[in-house]
């Protein structure tokens, strides 16, 4: 574990924070295929970096999740790449990626130094592009998250993840090149989240993550021009939670594999909301920018709730609540 | 008619905003680059719950914020910044922290905690919510962040240029200059004399001030450029060009500084802004306006800057 | 026009309001197929009723739009049918409908008494259900808006409007039974709004309306139970505008027929935002609940903006703004 | 441990909220129906920009709001309500107007505008934002809305029952009763004596008050029911049953009133709540808890109520 250590002469808030986790007495571990996470809380792709290793007790998270790695190196989108509007945060960072080789050379060693499993997010611009990236990443990382919220250049730019057939194709190809757990991260704008989740499950995925940010087009209130250099960006944060809650509920009823919820999680209560509709784990994205320790807080909060209620699992906690 | 006037004002404001953004982008195009590896190692950023000691109006349009954080005050380098987490305000939640330059650093003493001072303008949702936070509570901050202004060893004189709230971006350099005995002149630019920040700071630091404003036209780029050339024209020993120019303001001001640097043959460092989420280098939200080939992710303002080398492109 | 008249003894704010429209000197009329609306502003389906005739100067709107009429009579959803959460309003009113016969007998005469064209919203639970309703409505109403954000019972409950083939089927069948303008109101959760809009256009629609509310699942913060009796409801209001703006932008680039924007319009500026990305008209929904005159305000605001800028069309206004 | 106590408190509050909602639904199941067509025509609702004359705390947990609207004060009937548009507050926008009972109507005089008085509890986002609106501005309101309490001609005595903020729902009936010379008793129920609304109003209107609270157990449904039966048992001319019972509070209180009505053989009118958007009858958001067959849209609280006939179902 990368130690969170404050300058001893002038201590900051980190030291007290890291020292006071509250005993992790309850076993909240969750299985994603062959991988066991000691807590069902992890960061969302693109909202975490190894830089946080010195700021928060990363080992209290279930996993680290990388920004999406694409097959070839490329820069991100023009500025502005992100902004905040009343409806939430909108980002069009794009896909600054060094390709699997660049990732393994520069970023991966820093992830590997963190004392948690690394889930490597992988993307592509056509269904055929995913498996080669996963193959190139080889034995690195503990699991792969397939980001299918990417325009399919084989099919007119419609998201790969909105097309069950394309999802099947991606997952089946990746399944052939790795034995590690495969998580498929689905987009919001799909005709049927149940069909998409089932396609992932049937093709061999070990979990689905629901969901990515919601495509949006923020305009500058004064000039009426797009704020983002890329015109379109992804809306994230608390306002998307009621939309994603429904998707998690529907996906959980459609598949047997775990559903990882992602969208507007800020607190342990948000996580419990998702658990109550069927999620097995949660990812924390936007909330980490304002509070770098947000995901750790969620994990600690779940422990605390279970301890307080004297139960051993989140399911029991929810049943107890429901029985009240 | 009232409505007509309002509509006209809105159209004018929109036109100004567009013109400003375009001029800024044009001015910065090809201007900046990442500086070679730095000599002094950067401090490890921390997050801290900093007590708000002061939160008050500053000048006609800004607000001053003094935060107690011995750790940050102790380690922050000139030109570094903080990410300020804006607490929720009456139902309005601000999701992204706001980057703010460290205007002043005051290390801890035997009986006082170290403090950092920030100054900000109330311009949008974020700063409006920040302005409502009362003194006495704590504000969560992450920092010190980024790569700031750096004096090469042997620097004897410096010209600092700040405009508006950008004055805060360069004030840390004035602190370092004073500590290192570097002869310093600071241009304070703003719309109106009542809005000029930093006069008292400059007096305290023994920095000579050249105050220019839009009101009397002295801040006009051509006028200012001519004035500074005349001021540092080498005619007398006091009038020799500075060894370095450091600037924080709009892109057009950075370009003006780069032109002066080219004229005098001295390096120029410019502090830039970008929309930010993490401030730490992992979210890739803050691409710097540096030309790169499409297959390469360019530098980031938060990690490779906010201070960059500024040089007039030769192409 | 149903006169807006205040009690003369104790006048209320309506009288002054109705008396001060500002001359409608600019011709902002817009054509939807064979129908000309004198202003491109109308209410959204379900967010207007003839009850408003006495409260606002309805004649200043381009049209009235009815709540969706289904083929057979049925009640709405269990309570709660609506609520407000930080992300917006969520409704699961459902489809209380008296069928076309009931509508014609009870509601239509009250719409007909308003001095604006009535656009009748029509729904169905399978593609085949729309045309019979339109046929039964016969010569009543000035246009039909086909609400295809309805689960398709022929296809596993996936929205009709998320399936371009189903959209084609609905529109082609309705086209056979009416010569009146057909507007197709599309849902948000679709794989490709461009494909859906094109399907509507190709099958003979005169306009598309983009979009309906976004399905969401609000939970009670305290009890963690669904707030709505129907569990799922539609999220509407200002927070959905950045999402719908992107859809309107994409739809406008995909089809030649007019695109009517619907989602979070509260002010003339919101309408202009939509016009700037290609919309030809706007609908005002949620905003009318808090301010019954919201749609009238939008129409007046557009007039005012054009007058102030001394231009004759909204296109010119936007060009002038863009040229600044 | 603090966190444990907080969690326990949260669980208890959740359990209470669930239990309350379930008891309410059970109590109302089959209880209410739309009253036959009314005699007095309903006033045309208007919207008005009403000046806020008073906005102050009322009792221990409520706020009183007096609004100037001669038109509404002039036409409003007992038990009608307003839709209050809550202005945006510090970045938080409230989308839906909030229905509020008209507690008191005071018609215009020669030198005073007519006013309506409302009382509300600060419970959620809407009422929190409303509580922040300062006196002096105007508040946009739509009303008067709905079908209120109606006295049949010949009514000589009435029993009104209100609990908590529901007291406001029946106070208009007390005003009408006084004007018509109807002998009236009002049960004021609440958690604590300090929270009981309406004492001064009842005194002003010459209405006899029976105050009951959770604190001393007198508001307990069984106790209250027994007490009222004893009170109106017909033993003396003063103790004859009332000609009508009118109630506004939770479902269990409406049921209690219906039981009393059945016992005494007199009609009962109960005012209900529902989540509302339009208040006018077109959005169909406010379905009343009246059993209907699945092919028929049932009555609406805003248009067919909020006051309904309450009768113990015989099935």
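Letters A, B, C and D mark the chains in the order given here, with residues in each chain numbered from 1 onward.
Here, contacts are C-beta pairs under 8 Å (C-beta built on N, C-alpha and C of every residue); 3 or more make two chains touch, one makes a residue touch a chain.
Note that the structure is a prediction, hence the values are computed from the model and not measured.
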Specify the chain most distant from subunit A by Cα centroid.
-> D
Between B-C and A-B, flag the pair that has more C-beta pairs in contact.
-> A-B
Distance-wise, how many Å sit between the C-alpha centres of subunit A and subunit B, to the nearest whole number?
-> 34
Could you state the distance in Å from the CA-based centre of subunit B to that of subunit C?
-> 48
Subunit B and subunit D: spacing of chain centres that average the CA atoms, whole Å | 58
Send over the residues of subunit C in touch with two or more other chains.
-> 86, 88, 224, 238, 321
Subunit D residues counted as touching two or more neighbouring chains | 14, 18, 91-92, 125
Of subunit B, residues touching subunit D in the complex | 89-92, 125, 128-129, 132
Within the complex, which stretch of subunit A touches subunit D?
-> 86, 304-305, 307-309, 321, 324
Hey, which residues of subunit A end up touching subunit B in the complex?
-> 6-7, 9-14, 46-52, 54-55, 67, 72-84, 86, 88-89, 91, 93-94, 96-98, 220, 222-225, 237-238, 286-293
Contacting residues of subunit C [partner subunit A, same complex] | 85-88, 90, 156, 158-159, 162-163, 188-192, 195, 214-219, 221, 224, 231-232, 235, 238-243, 245-246, 249, 269, 272-273, 276-277, 318, 321
The subunit D residues in contact with subunit A across the complex are 3-4, 7-8, 11, 14-15, 18, 91
